[in-house]
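Right after this note come the structures.
Same chain, two partners: subunit A is paired with subunit B first, then with subunit C.
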Partner chain A sequence: MSKTLFEKIWDSHLVLEEENGPSLLYIDRHLIHEVTSPQAFEGLRLNNRKVRRPDLTIATEDHNVPTSNRSLPIVDQVSSIQIKTLEKNCKDFGIQLFGINNPNQGIVHVIGPQLGITLPGSTIVCGDSHTSTQGAFGALAFGIGTSEVEHVLATQTIWMEKLKPFEIRVEGKRKNPFAVTAKDIILSIIRRIGTAGGAGTVIEYRGETISELSMEQRMTICNMSIEAGARAGLIAPDEKTFEYLRGKKYTPKNYEELVAEWRENLKTDSNAKFDKSFTLDAKNLAPQVSWGTNPAMVSDVTEKIPFPEEFAKDLSQQKGVEKALQYMDLKPGIPITDIYIDRVFIGSCTNARLEDLIAASKVVKGKKVSSKVRAMVVPGSQMVKKQAEDLGIDKIFIDANFEWRESGCSMCLGMNPDILGPGERCASTSNRNFEGRQGVGGRTHLVSPVMAAAAAIKGHFVDVREMDLN
Partner chain B sequence: MDRFKKIKSIVTPFDKVNVDTDQIVPKQFLKLIQKTGFGKFLFYNWRFNSDEKPNSGFILNDPKYKNSKILITQDNFGCGSSREHAVWALQDYGFSVIIAPSFADIFFSNCFKNGLLAIILNSKIVEKLLKIQTEIEVDLENQIIKTDTEIIPFQIDEYKKKNLLNGLDEIALTLKYQDKILEYEKKSTISSLL
Partner chain C sequence: MKGNVIKYEQDNIDTDVILPGTYLKIHDYAELATHAMEGLDPDFHSKVKEGDFIVAGRNFGCGSSREHAPIALTHSGIKAVLALSFARIFYRNAVDGAFLLPIEIDEDAYKDISNGDELEINVATNEINNHTKNKKYQMKPFSEIIGKIIAAGGLFKFKP
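Take a look at the complex of A and B:
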């Protein structure tokens, strides 16, 4: 029978399949962090249970860690307790931890692929919704809650209803791939299918444009699958995937054998059926900027802030737009390029990998951040930070008056001291523009790294296609 | 997990779409290492003004709904972050049932792991329930909601229903299949991270 890639991975991980109920699925890789794991370990202790496979489990500290000088103690006592709790839990249960001062520390979804923990055809879970990022390698990777973290720790399995495969094709050559990025592709998809468009599904991204993307760009696409409501995003592995994972810290010894097998099997059969399908034409795509309080509220940079009445189909959506514009303090009809910003954040599991930083640095090189803007770069991991520094990219940012920080989730969710003040407006390369996401009363505009860099220089949004680049 | 019993209460009408878990529990309260005590943070940025005094315009601050155990809301409730703290907060605050036309996947799953009953009903019925002023009764065993004037049936997956009614510990359940897991592991070729 013909199968989609998702169905192949699903079927090969079934421990138990029950009629009219969820299936028991084996988990190959379990990544944990400080925020969603403490209650899971507490549950194990209360019931006298062990971690079944510490050798398939890896921990890091990313969500609440400060991105300032790491040689200083953590000032926030509650964060500090959470960090110490993870350290104790890892020690007690025999789990490898890449802690705050480890050279492999970083955002969990950035370090997974960088260390070769992420493998094609595998199942990967983490108590974080952006686990979907790792689907870029042809893995079934999805976020879980803390009860499920406890369940995976104890049993290395998870009970799950089978998801439905959703095909999203991206076709057409972009005219300016430097300025119209993977971030613009995914924002544009979410804008069209909505924040619940992918509910109950695993999205498989396919088509010419997807094949052309680098692995890091593919990760940006899969990362935001959750913003479209999907549990996971997938891209079939190809030679770029295999090359990316060659020679990493945890790349398996029999890697070439595995690659031969993956090359043969890890793809959707030609006549396999998807539950639904959507196609985006990328040919005329423009850089995207979000203007509202969910990731579907997005416009081209060349457009104006919409009027609520433009969403005539649905009254509750109209109310939502009205409320969002009120929160964002934006008036309908003004051009996106007239929106002035206070802050710029280049970071997060969506856009803080080396290529993102290189691209942004090309916009910044030889220029200065607007005097009205505070801008920061937070590399996705210590490895990304070091690679960037080896290339001298840190200097480009520092010379332009960007802050160059240590790695972590930082201002994507503002659990550490990196937050927006009330009313502050930010051009952010992160994934969520929810109310208060980056700080109580803060206003987030989601953009690509090059668009964020351009906004930092000009002090307001600009079409990065029109910037002079050195 | 406690056994789920019949719930009778007035309903809190929460007429909003796409309520994300960042609103249900803002991130500044995710740093605790226990599961209890999150009720005071529920919808914090909406419930309280910047001076930390209750926002009188917010529905949960209306004394009428003080003892409500049932929240009725709109599409895609619980979207965004996977934080289970959202479920812990709703329960700790006093809710036992959430009704909506649709839920976000991870949130939906998290509800049942903690004994919070999430019921999906079509939008027309939800619209009607949003206006109801009298108590309603949610009977999971018989899969019905009783109002003063009608009986509304609802669907739920048998597995979830059984776990809720019996207050089952899912890990204990899974551990009964240890031999199957071991059997799988024997043929699995996944590489160790040690």
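Take a look at the complex of A and C:
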């Protein structure tokens, strides 16, 4: 029988399956962090359970860690306790931890692939919705809640209802792939299919444009699958995938044998059926900017803020747009390029890998951040930070008056010292523009790293296609 | 199960407004509850009563996988959320920890139910009685696995 890639991975990990009932799925890798794991360990202790496979469980500290000087103690006592709790839990249960002062520390979805923990054809879970990032390697990777974290720690399995395969094809050559990035592709997709467009599904991204993308760009696409309501996103592995994972810290010893097998098997059969399908034409795509309070409220940079009446065929959506514009303090009809910003955040599991920083640095080089803007770059991991510093990228940002910080989730989610003040407006390379996401009353505009860099220089949104590059 | 409705007539109520990120450091459930819905309705904590239901639009609970969101709601007294649809991770979290019931309703019921209405929910018959309006609605039945996890009282008590 013909199968999609998702179905092949699902079927090869089934421990138990009942007709029309639940499925018990084996989990190959479990990543944990300080925020969604404490109650899970507490549950294990209460019930006298062990971690079944500590060797398949890997921890890091990313969500609440400060991104300033790492030699200083953490000022926030509650965060400090959460960090110490993870350290104790990892020690007690024998789990490898990449803690705050470890050179492998970083955002959990960034370090997984960098360490070769993320492998094609595997199942990966983490108590974090952006686990979908790692689907870029042809893994079935998805976020879970803390009860499920406990269940995976105890059993290395998870109860699931089978998801449905959703095909999204991206076709057509972009005219300017430097300016029209993977971020613009995924924002365009969410804008068209909506925040629940992928509910109950695993998206497989396919097509010529996807094949052309680098691994890091593919991660940006899969990262935001959850923003379209999908549990996971995945891309069939190819030579780029195999090359990326070669020689990493945890790359298996029999890697080339595995590659031969993956090359053969890890793809959707030619006549396999998807539950639904959507195609995006990337040929005429423009850089995207979000103007509202969910990741489907997005326009081309060349467009104007929409009028709520444009959404009149869906009253509930029209009301949502009205409310969003009120929160964002934006008037319908003004050009996107007339929106002035206070802050710029280049970081997060969506866009803080080396290529993102290199691209943004090309926009910044030889220029200065607008005097009205505070801008920061937060590398996705300490490894990314070091690679960038080895290339001199840090100097380009620092010379332009960007802050160059330590790795972590930082200003993506408003739970560590990096937050927006009330009313502050931010060009952000992160993934969520929800009300208050980056701090109470903060206003988030989602953009690509090059668009964020351009906005930092000009003080307002600009079409990065029109910037002079050094 | 009987209670009164707190209605939010909007779609995409995300986990960041249900429980803002800054409170993810808190481990005490009673304290978490004092911040429930703070990003959307700062008065929520003062008005919610034990046994209340939330009624909302499409894609309730979208965004983060934080289980703190259903925990904060249930420790505020919320016994069920009735919505047009749910984001999947929130839905599973609500059920896995036996925190609250995520109940899918149709457009007619959603439009008909008003803030403050007294509802009685019967999961065995999939019926919702609106005592204030003297009306009946059908809820969408739980799938087999969800029904079993709910009946067992959470993920760890569930046996297939």
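The working rule: the second predicted complex is superposed on the first by the 470 of 470 C-alpha atoms of A that agree within 3 Å, B and C clash if a C-alpha of one lies under 4 Å from a C-alpha of the other, contacts with A are read in each partner's own complex, and residues count from 1 in each chain.
The working rule: a residue touches a chain if its C-beta (ideal position, glycine included) is under 8 Å from a C-beta of that chain, and two chains touch if they have at least 3 such contacts.
None of these values were measured; they are calculated from a predicted model.
S.K.: Would you mind checking whether subunit B and subunit C clash or fit side by side on subunit A after the superposition?
M.R.: Here subunit B and subunit C cannot both sit on subunit A without a clash.
S.K.: Thinking of the overlay built on chain A, is A:F345 touched by subunit B (first), by subunit C (second), by both, or by neither?
M.R.: neither
S.K.: Looking at the overlay, does A:P252 come into contact with subunit B only (first), subunit C only (second), both, or neither?
M.R.: In the superposition, A:P252 touches subunit B alone.
S.K.: In the superposed arrangement, does subunit B or subunit C reach more residues of subunit A?
M.R.: Of the two chains, more subunit A residues are contacted by B.
S.K.: Can A:F6 be said to touch subunit B (first), subunit C (second), both, or neither?
M.R.: A:F6 sits against neither subunit B nor subunit C.
S.K.: In the overlay, answer first, second, both or neither for which of subunit B and subunit C A:Y244 touches.
M.R.: It touches nothing on subunit B or subunit C.
S.K.: Is A:I58 touching the first partner subunit B, the second partner subunit C, both, or neither of them?
M.R.: Once the two structures are laid over each other on A, A:I58 reaches subunit B alone.
S.K.: With both complexes superposed on chain A, which partner does A:V35 reach: first (subunit B), second (subunit C), both or neither?
M.R.: So A:V35 meets both subunit B and subunit C here.
S.K.: So, does A:F402 touch the first partner subunit B, the second partner subunit C, both, or neither?
M.R.: Touch partners of A:F402: none, neither subunit B nor subunit C.
S.K.: Per the definitions at the top, what is the overlap between the subunit A residues touching subunit B and those touching subunit C?
M.R.: Of subunit A, residues 16, 18, 20-22, 24, 35-36, 38-39, 43, 47, 63-64, 76, 78-79, 81-82, 127-129, 143-148, 150-151, 159, 161, 195-196, 199-200, 226, 229, 231, 294, 316-317, 320, 413-415, 432, 434-437, 440 contact subunit B in one complex and subunit C in the other.
S.K.: So in the complex, the part of subunit B that touches subunit A is made up of which residues?
M.R.: So the residues of subunit B in touch with subunit A come to 17-18, 20, 22-23, 26-28, 30-35, 45, 50, 74-76, 79-84, 87, 102, 104-106, 109-110, 113-114, 157-159, 169-171, 174-175, 177, 180-181, 184-185, 188, 190-194.
S.K.: How about subunit A: which of its residues touch subunit C in the complex?
M.R.: 16, 18, 20-22, 24, 35-36, 38-39, 43, 47, 63-64, 76, 78-79, 81-82, 127-129, 143-148, 150-151, 159, 161, 195-196, 199-200, 226, 229, 231, 294, 316-317, 319-320, 323, 413-415, 419, 432, 434-437, 440
S.K.: Considering only the defined contacts, which subunit A positions touch subunit B in the complex?
M.R.: So the residues of subunit A touching subunit B come out as 15-16, 18, 20-22, 24, 26, 28-29, 35-36, 38-39, 42-43, 47, 49, 52, 54-58, 63-64, 76, 78-79, 81-82, 85, 96, 117, 119, 122, 127-129, 143-148, 150-151, 154-157, 159, 161, 195-196, 199-200, 226, 229, 231, 250, 252-253, 294, 316-317, 320, 413-415, 422, 432, 434-437, 440-441.
S.K.: For a test of understanding, state which residues of subunit C touch subunit A in their complex under the given definition.
M.R.: 9-12, 14, 16-17, 20-22, 24-27, 39-40, 57-59, 62-67, 85, 87-89, 92-93, 96-97, 143-146, 148-149, 154-156, 158, 160
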